[in-house]
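One chain, subunit A, links the two complexes that follow: it is found with subunit B in the first and with subunit C in the second.
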Partner chain A sequence: MSDHAVGTPSFERPAWLGMLEPLGPLVAAFVVAGLVLLAAGHNPLEVYMLLATEAFGSSRRIAATLSAATPLILTGLATAVAFRAGAFNVGVEGCIFVGGLAAAYVGFTFAGLPAALLLPFALVAAVVVGSLWMLVPGLLKARLDVDEVVTTLMLNFIAISLTAWLVNGPLLAPGSANSATPMIAEAARLPKLMPPSTLNAGFLIAIALLGLYALWGNRTALGFETRIAGMNPRFATASGIDVPMLVIKMMLLSGAIGGLAGGIHALGNVGRFVAGFSPGYGFTGIAVALLGRGSALGIFLAALLFGALANAGATIQFFSDVPIEIVDILQGTVMVFAVAQLGRLIVRRRKAA
Partner chain B sequence: MIDNIIHAAVVMTTPVLLAALGGLINRVGGIVNIGLDSMMLAGALFGLIVASMTGSWPVALLAAAAAGGVVGLAMSLAVTRLQANEIIVGLGFLVAVAGLVRFFLSAAYGSSGTLSLPDVARLPRIDIPLVADIPVLGAILSGHDPLTWAAWAMVPVTVWFLARTRLGLRLRAVGAAPQAARALGLNPLMLRDLSTVYAGIMSGLAGASLSIGVVGIFNEGITAGRGFIALAAFYFGRNRPWATAACALLFGFFDAFQIRMQGRGVPAELVQTLPYLMVIVVLTAVALAGRRAKARRA
Partner chain C sequence: MQLAETTPDRTVRLGAQGVTRRFGPVLANDAIDFRALRGTVHAIVGGNGAGKSTLMRILQGVDRPDSGVILLDGAPAIFAGPADAFARGVGMVHQEFMLAPGLTLLENLVLAAEPVDGFGRIDRTAALAKARALEALAGVSLDWDTPVENAPVHVRQIVEILRLLYRGADVLILDEPTAVLAPAQVRELIALLRKLRDEGRTILFISHKLDEVLAVADEITVIRNGRVVASLPRSSASRDSLAEMMIGEVLARPQPRAAAAGAPMLQVTGLSARDLRGHAALTKFDLTVRAGEIVGIAGVAGNGQDEIVAAATGLGRIDAGSIRLDGIEIAGLTLAQRRSLGLAYLSPDRAAEGLCLAAPIAENAIAGHHRKPELCSHGVLRRKAIARHVAALLDRYSVKRASDRQPAGSLSGGNQQRVAVARELDGEPKLLVACQPTRGVDIRGIDFIHRCLIDYRDRGGAVLLVSEELEELVTLSDRIVVVYGGRITGEVARGTAGLEEIGRLMLGGKAA
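Right, the complex of A and B next:
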């Protein structure tokens, strides 16, 4: 697996082309999902219209979409940060689990603290634990050249099982039969922005981080060095950049953002940690980072798209007999097409003609 | 008790071994197949449906193999012809196929996640008279389905294929040095496609061994991540068929042990992490050994 040249966005092409580029995989994915819908006897256009109105039809629905997009912005960002340094981190899902559990643990254990202390404390716990979770694969990749795809993938399963064990035994809420921690203290909850919607301050944190990411990527030396290291590690080494150290730093940062995603999900939405905490936010984050081509605006738009799909997909089930799984099909095909060189289909055809 | 565990371990090894041997060939050809689990899922579903429709387990196995092969082909074409990154494509297929399967279940059968069909032809068990009564040996050899036998038979066949056949050597050449292989007149893309289709077929059979071999119904979580365990097995076995088979067997034992120990104080969740932990440890150990060897040479 030495030759995965992924996630290194193309910076030299004109901006407008870069903006249009992600539309190819999107259109392709909607066509594939449309065929599936047709085969099942639904009108794809009607379904897509229904999805759009459910996702953006009113301010309440927009709030729900933004709420659903919040974890995806963070996981997309976490993935993009590692991609940029050339580290192929597929372990953000695991960071969500350990980060979410850490935040929930602080949230119900130190219930006596005032909100001004407890909330930051819980979020910092999520960040630190998520970051540490990526320490081993980061070190292994940077120092021993151990394939980070495999190690981070394996760590996902370890994180899911480990946290499931913790909430089934040592951290199980007293008197609770299902695998969940006690509820967090009210002071640890992220404030809601538009009650009764679940949209909370976590969204603002995610947006702020996106802004910082854009500044960091375009305006700072470290951001520039990271980009060089991701695009051409040999050149970067020759220019005096410590590539292995950079990889470790970016893996830790990636883990920190992934952990924060878990913490925000726990403190903003769920209010505790339960087994099966994340419905694959980390994996969707990979699709978000790819579709967004590593840019802050791109990540936001891609997260918004998947957030809208998840939000609308959950509600259209009540109005139509369209199975919600159409959302998964869309998401998976977007991932495939986002890395496929669709242009090659056309080139090939032209050559044959 | 010990016989039960041995027997269960052999049963749980079969799907992992089948998928791992497929993934091994795929990796030798140069593609790391993260999507084995999705091919298992397709095989498990179609194996069960055809087993119920035709009442014939060989036909069901063919259907399962075909379903896995088709998913494998689609994935391979995305990787080889559209030059998509194999890891992302694999992850994408995991998400998309799981969605498709659930979509299909609810659209065609109106069920959410589980499919139980009438008259499912199960895989027969081959009982060996006399041997069956010998403790331990009986559990190892007797009462297993044809897929289990086929899976273990494929281990030496894979060794022979990679070491002795023209196609096997070409596949290794393609995996090790695609440019050189092309210069010699081989078609690397085509050979890679073949190896992914093979991985799909083997994973499809692995799925069938779960749906019509072990349980007799289909469930969206039927694979329980065994495609990843298979991945772990051939990583752990470093592409050598016997070592890979030994790992599959070890994971089969973990599986059997964990089922046995449920509710007896040994947390199943922790046992489940062992295969994945072992992979990380082995990759680290291999890298350390490689570095030490290099240092000695220098």
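Right, the complex of A and C next:
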């Protein structure tokens, strides 16, 4: 009946147009931020050139950008995994906190173990704790249809406050006034790839996971089932796919990757757990997943963009009178436009259904 | 043909002149001409993908023609949008009703044009008075305080129609209005449309059901592949001539032969179940379907059919009873487990449950089979094997497509259903639960799907067929079980009862 009117046009669009679509929010964001810069009396082109140089101008700057992108790749991946099953997990931020604390705890408590044991042990602790953190929202969503956006968002506050209390009390480093755990053992540190840059083996782990994610999504029966369940749960159920179980599994996997992001941040960058551990990696990860459209390459590029912005933003104010806030404005506008585009996609999907 | 520049022909209330609309390579409407005269029922008939929906969207102002014009009171016009069309008296009753849930019928009637008192509150007395007036006009009687979700489908449809009248429309466009109605309700609707016509309103009746078109229309326009094939008065049309014009050739009706029934494949005994609202829908229900047999379930929608299907597939809960598939008790099993034991399920809701329209055709064709060893080893999909399997399967079921990777939603309704049927019959299940297998499918597609079901039956398959199309049930079923209020009111073997007798049982009458 209305099949010509609804279905055909999107099918006919050439493939390259679909590939370019995610660039829409970027271009829009840079135009808006450019107007802000103009209004503030700066030359937008000069500022953007400076940003690009700061982010990619030398091998050191590139290493710093990749280092900043590492947690974002992982949090973007964590969000994308749940999103694929139709669950909008906004609780990755909380997983970073509990996972980071778990890894740090193992890292300073079992200091006697050799690196070959201690490092994997600490990372596994982060994965397990992060995963368990998502168990309750996963069960509530799958069994009682409780909105996961609400539960996971609320769990973030609990995670942040709980870990803050722990590092102020039971786990506070002896003799320290800061809200921080003791430093982890040298054996628990993720090896640096390009000293003195903070770029470490965590980046390789993140890239490896991206590769696995791509294979899993395109080649495996479970990846297929997850995609179908995310697109049309009723159809998936009628095809014999256990959708609630799938949602639980993907929430656990999402939590595991979020916990790993925290563990890598603790073992690779910070060297311990401190209050205010993550500057919102979990939330930026949502933007990364949306902008990256759930594809492995897309997530990598989006994480690279936000990593570059964060990295260049930190130094740009040393070399110009451009306020650091302009980077926040850029990040924020990219997110808004990415979400707006997602809204359009959802509307289109509803129409098609 | 008269020219539009000359004096407008005021007897033409709504029409089209040279309306052409193209979507990419598809010419959905190709120079469509028709004229619906004031005070007539004008039927537009055509198969799936003939271009009916595109034409309707244009007539309603939702879409615009690439060339050509709408004729309004004989003069050329272009609608700025649905509101503009409405302001000029053209209203539409959609296939999916557009009533707001959570509101009563009365509130829906006056929605967006509520009579208000001095304080801006809805004036209920005035609204009810208008509702009563419309009731009298239409010759019906409704309980206006019923919430929409509690009203039966045919009542909702009447409210949709009255709503258009309330807002002052005198041209009613009805898109496949009988798809959801039982035979008796169809007769009521037709009577209502005739009454409205006799009062001078113009009705555009879109359908592919020829019997209804012949019963209600004064004029009939047939479209095929986006073009008008013929416009003719009712008096010179016959069922066969219309069917031939719609599809371009005469199809022979399938001639099913009764195969010898074998072992019981589905055995339901003492089944009790409740509907979604918790009311008892089935009590101590028994049913057997044997290998090599098609058993049809006839009944007005909502008399327990949904619960029978839910119980057989495992998509709903049951309170008591035993369900056996080829002798194995399956009452406690999930749909996945039942599928692995040989159950197949053709959903009545193709768009929401039968297919995943956003996913490629290929993925729709393997869903549920994707873990079989020939398609998947150790949890990894065998992509080449899948591509080969899908191509062969879709070719066997003549699914017209540009690519196996195109979204299922880009296919026509008939081809979508072919994909669903192909998937469900793939791997020779023991039992097929087929619900509304040809809903929204054109004549050629219906014929093809009927053949598929009969071939499957003749290969020894068992089919539980639930359909609201009585003719379909009579054509296909070896036995028809008639349900009313969750109980069996009669069982009719092939060829032993006419439509009237089955219709009587559907309304609760006992078997003669």
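Keep this in mind: the second predicted complex is superposed on the first by the 325 of 353 C-alpha atoms of A that agree within 3 Å, B and C clash if a C-alpha of one lies under 4 Å from a C-alpha of the other, contacts with A are read in each partner's own complex, and residues count from 1 in each chain.
What we mean here is this: contacts are C-beta pairs under 8 Å (C-beta built on N, C-alpha and C of every residue); 3 or more make two chains touch, one makes a residue touch a chain.
Computed from a predicted structure; not experimentally measured.
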Which of subunit B and subunit C A:V106 touches, first, second, both or neither: neither
Which superposed partner A:L304 touches (first subunit B, second subunit C, both, neither): neither
Subunit B versus subunit C as contact partner of A:V270, first or second or both or neither: neither
Which of subunit B and subunit C A:F224 touches, first, second, both or neither: second
Which superposed partner A:A80 touches (first subunit B, second subunit C, both, neither): neither
Doubly contacted residues of subunit A, that is, touched by subunit B and again by subunit C: 1, 4-6
Subunit A-facing residues of subunit C, complex: 23-26, 28, 48-49, 51-54, 57, 63, 95, 175-176, 313, 315, 334-336, 338-340, 345, 347, 349, 351-359, 363, 367-368, 370-371, 376, 379-381, 383, 406-407, 409-413, 416, 440
Of subunit B, residues touching subunit A in the complex: 32, 34, 78, 81-89, 91-100, 102-103, 106-107, 225, 228, 231-232, 235, 267, 269-270, 272-273, 276-277, 279-280, 283-284, 287-288, 291
Contact footprint of subunit B on subunit A as seen in their complex: 1, 4-6, 36, 40-41, 88, 90, 136, 140, 144-147, 149-151, 153-155, 157-158, 161-162, 164-165, 168-169, 280, 283, 286-287, 290, 323, 325-329, 331-336, 338-342, 344-345, 348
Residue numbers on subunit A that touch subunit C, as the complex places them: 1-12, 219-222, 224-225, 227-228, 231-232, 234-242, 349, 352-353
